[in-house]
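Each in structure tokens, the structures are laid out below.
There are two complexes below, and they share chain A, which is joined by chain B in the first and by chain C in the second.
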Partner chain A sequence: MSEDELYSPRNPWFSISVGVTAAIAVLSAIVGLIWLPLLQPNLKLAGIWDAICSAAGVPNLPRPAAAVPPAFKTSNVVVTPEMLTRQDQVSIGRGATLAQRCAICHGPQGVSDANSPNLAGQYAAVTYKELNDFKTGARVNVVMSPFAANMADQDMRDVALYYAYLPRVPSSQVNPNLPAPAIVVTGAPMRNIPPCGSCHGEIDIKAGSPWLGGQSAVYIKAQLQAFASGTRRNDISEQMRNIARQMTAEEIDQVARYYEAQP
Partner chain B sequence: MTSETDHSPGAHGLGEAVAARIERRWATLSIVIIGVLVGLAAFFGIYHTTMPQGRVETADPTTLHLSGEFVESNLGSVLEVDGSVTVRAIGQQYSFTPQCLVVPAETPITIRATSADVVHGFLIEGTNINTMLVPGYVSDLPISFKAPGEHMMPCQEFCGIGHQGMWGKVKVVDQTTFRNMAASKRRLTCVD
Partner chain C sequence: MLINKRLILAHFWLAFIVFGAALVLGAWQMFERSPLNVWHFNPEFYYRSVTAHGTVMGYVFPTLVAMGFGYAISEAALERPLVGRRWAWAGIALVAIGSVVAMIPVSLGLASVLYTFYPPMIGNAFYYIGVVLVVVGSWIWVALMSINLAVWKRDNRDKPVPLAMFANVAGSYLWGWTAVGAALELIFQIIPTALGLTTTIDAGLARVFFSWTLHAIVYFWLIPTYIAYYTIFPRAIGGRLYSDAMGRVAFIMFVVVAMPIGVHHLFADPQVGAGFKFMQSVFTGLVALPTLLTVFTICASAEIASRLRGGRGAFGWIGALPWKNPIMLATALSLVMLGFGGAGGLINMSYQLNTSIHNTQWITGHFHLIFGGAIVIMYFAIAYDLWPHLTGRTLDSYGMMRTQLWLWFIGMIVTTFPWHYVGILGMPRRMAFYDYANPAIAPQAFSVVISAFGGLILLTSGILFLIVLIRGQFAPRGEAGAYSFAIPLHMPARIPVALNSFGLWLALMIGLTIVNYGYPIGQLMAVKNTSVPAVYVGASR
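And then the complex of A and B:
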């Protein structure tokens, strides 16, 4: 039997097998691309062509439904893992000059005992996001809001990069012997609380989460309470409010004391 | 065919006839298997025992909080004009927002959810709702609950080191209770 005759319509084996395969393919395509989509009433398909496109996975833009606008200012910062991770000497230099006005509370080296956040070595994305939220009113503070109100976007980036560039200074409260509370290392899965360390360092870092080591216990406690009560709401899509709401007062205390004692 | 089959009374011709018969049977068997598999897929599709999503919808995971249907104030349940209920939620490292979804029993419900960062899982215990929340895509699921009650909603796709702490709740209430709740608020949740 020569090649020619093997792949020829005159060969019944060839014509039948090709014919059956093609018939199965066409039948399956009709079932999968037309019949099954049309059986789903919630798809509201416009016709056969629409059914074929949607079954084949042509992306649709979400239906324009009327969304309820927020009753309060929410953060408008787009946080990505790459955000402000590149060192820029000019930016750091400008930031150093701008940061002089921050020194009275945050310390000349970005560290202070005034129970305001220590900024030295803080991730630039974090400082930038908070400044931006103070400026837009997503986060409110009597001292910070007026400072941020007049800052340009580039000013906030520069200040953030400058503080990220400063070395972290161990606080006066460092105590490496303090055991890590369960909430920091394992969370409380039964109460919907992941470990603090899964976002804030130690275990893993989530973009936009601050480094908490050496922060004032008073400050950490106040922020967790504000998240829990809903007076602070600039965390994007409630990522911190969801957690703080579930924490007990004792856990908040433990976390605050633990992070203050970390380098 | 060649002339061999036409005039071959010997052992060679018999062998060829046997081979052809066996070949035909195997071919028939494999066609039947393929037919059954296609039929099974069609059956499950018709009776909605599996619910592959009919439409692909996209949403930028980094800007969910800026505009569109997944802004914080638009999450939760809404009673639509046709009497059905739409529930919107997002998954993020490491929680669902809202943490507690409230829906009425015996009502057609559409769940629309997406992820703000990595792939999360969306599973409602006691139902056949089980899908992935993939960043960039909207998961759209039809569902209806038979009776009031509470269901766990754990993230069932490993999403990072805090995965075990990520779950939510679905609270099913009777229709009247839900309608009363919906009369006073535009988006309902049962977060306390």
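And then the complex of A and C:
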């Protein structure tokens, strides 16, 4: 039993085992890399080489085309988790003075029943981003746009820090016993909707997402409808538009009523 | 001829102690996920527990059994003392130290990444370093098995290698090569990220490397079971092995095709091309062949034993088998579970059918039925068979052994059949909590409760198993005689060199690895910008 005899085409153990293994490999490669891909009409393959590349998983990088600029303004604010999280007493004081002109709608303490957003205790990055978007035209509102148009960047930071400094006040509709709707807790995975709570609080808080507790139901509903219809488009990467488009009218109502009742 | 009995016994005891601990965790996990759990533990404890259970049951327990059984085979089959005794002790020491090093961060909740690692999740570096130590310890065993075979061959040039040793070395080579995938993933990708040297990781490439290990590791677990089928079972029931050559062919086929097929674990992964998924699906189909050969040979061997005992008729011989013999019972129950598990496996390996059960509880059910069921029940049988030879004491609590084996079989069926079923209903795996009040999954609650009871039955059986072994340790002394393996019906005087050596088969194994894995791995390494930020588990936020 010498080893020399084994590695010879005359030894049937060698020739058959190597032959059968190679034949299976070649056959499965032909079927898997050529024949099966060519049978798929939706792959739109140009030929055998194209089929092989496709089935082997060669990355099909899109040709760099000139980016098409959108027909509308997009937000230019870059939100980071650290943005405007440092309390600055001078800034808050300046903001308090500047906020005098906001009080008519947003309330002298940042809270009002006028169905405009309650700003007391809102994250500064959120207020700053919205002001900035009103100023650049990424978000449009007949009342807010003229107010923001003449604000300097420092003004917007000061106002935002001032409102973040004010304590949150529970709304008149607060009802902590209202059960959380499924869309808030679990989202709707089949429609690609993550849970509201995974960005807006309760589960997790993501930078740039506003605190929604105690906001007017009318306001929340109007914004979700605006996202869904595309009249509001200052959400970065279309995240809220994609979510709102998939929500049912009933879910929008539930969410609006639920958040209004939260502290 | 067993000489280093303490060495072998140390492997088995360490294996069964960690097995017992992991079994308790497993039973708790079954309960935690079920509607019976009304306390709602912190889900993090569940993932901690699953990581510990998987790491022990997947890496430590079967490796120790394969090592201990391997040393026993080497001494008993080659009839000479083990070469490299000190190295063997170093190997088990590395496995023991590695297990402790890995389990400390897992217990602290710093590495709840599950035993399959799942990058970009990254846990504490010591978890991975511990796993590497376990693998390095087992590689010492791989080297020792090869060396012992070579030393024996040098002195016995014209004799065929005994089947038990041939299969044992086949298993060690298979493990040596298949562990390379996870080792590459750990050493070049995960550990640098865990140590903070890099902050991103190519999760797709890491998953491909892990698939290299992930499927053939099951065959590494399986080899001791198959060795027991071929070389213990026919002798234990008083028969002959139907065919020695068929056994060699089966083990050779495992060496060649068990490894380059792991991509069937990645059917839903986008980073591997569909063509390579198909090719590996074909080779996965081939790996059913050695199992079918084995089932045929073992049933034929059982028939020989039965007819020697006076069994008659086309099927009447089945009743004449020595059913009171624990090895007979364990093998029969193992084959039944192998049949069900294998049928499920054919569904997993089919590219299209896989989509309906991918990442569901079906998969958890499948690998528990194959590994926990068919394989581990034969580990029990191996222990029962070897114990009197290792301890020099009698092991005669047969009634308790039979009860234990039946409980294990029943427990495994009761656990895994409902698991398969809820998997078909779409229940995802790897989740700590299911809201059974949700009407969409409420119908699964009953099945999950049943499988939780299965977990308790398994725990009872595991405790009974340890009691049998402990009693054996304190039983009266009794000489068990020389340890021997089954004799084939026709002992071949000459064996073709192909069935007596590994060179050709290792070359085919490596060649197929290059064909099936070369391009997917090369391409993923060549493409830039495929890394994602690491997600550090247990880090403060």
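Methods note: the second predicted complex is superposed on the first by the 198 of 263 C-alpha atoms of A that agree within 3 Å, B and C clash if a C-alpha of one lies under 4 Å from a C-alpha of the other, contacts with A are read in each partner's own complex, and residues count from 1 in each chain.
One rule holds for everything that comes next: contacts are C-beta pairs under 8 Å (C-beta built on N, C-alpha and C of every residue); 3 or more make two chains touch, one makes a residue touch a chain.
Only a predicted model underlies this, so the values are computations on that prediction, with no experimental measurement involved.
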Partner chain in contact with A:Val31 - chain B first, chain C second, else both or neither: both
Partner chain(s) touched by A:Pro167 [first = chain B, second = chain C, both, neither]: neither
Chain B versus chain C as contact partner of A:Ser17, first or second or both or neither: both
Which of chain B and chain C A:Pro176 touches, first, second, both or neither: neither
Touching partner for A:Pro70 - first (chain B), second (chain C), both, neither: first
Chain B versus chain C as contact partner of A:Tyr7, first or second or both or neither: second
Chain B versus chain C as contact partner of A:Pro59, first or second or both or neither: both
When both partners are placed on the shared chain, which of chain B and chain C touches more of chain A: B
Overlap of the chain B and chain C footprints on chain A, listed as residue numbers: 1, 5, 11, 13, 17, 24, 28, 31-32, 36-37, 54-55, 57-59
Interfacial residue positions of chain C with respect to chain A in the complex: 157-158, 256, 271-279, 282-283, 286, 494-501, 503-505, 508, 511-512, 515-516, 519-520, 523, 527
Contact footprint of chain B on chain A as seen in their complex: 1, 5, 11, 13, 17, 20, 24, 27-28, 31-32, 35-37, 39-40, 42-43, 45, 54-55, 57-62, 65, 67-71, 74-76, 78-80, 187-189, 192-195, 197-199, 203-204, 206, 236-239, 242-243, 245
Partner chain A, residues of chain B touching it in the complex: 1-2, 23, 27, 31, 34-35, 38, 41-42, 45-46, 54-59, 62-75, 86, 90, 92-99, 110, 116-117, 138, 142, 160-168, 186-187, 191-192
Residues of chain A that touch chain C when the two form their complex: 1-3, 5-7, 11, 13-14, 17-18, 21, 24-25, 28-29, 31-33, 36-37, 52, 54-59
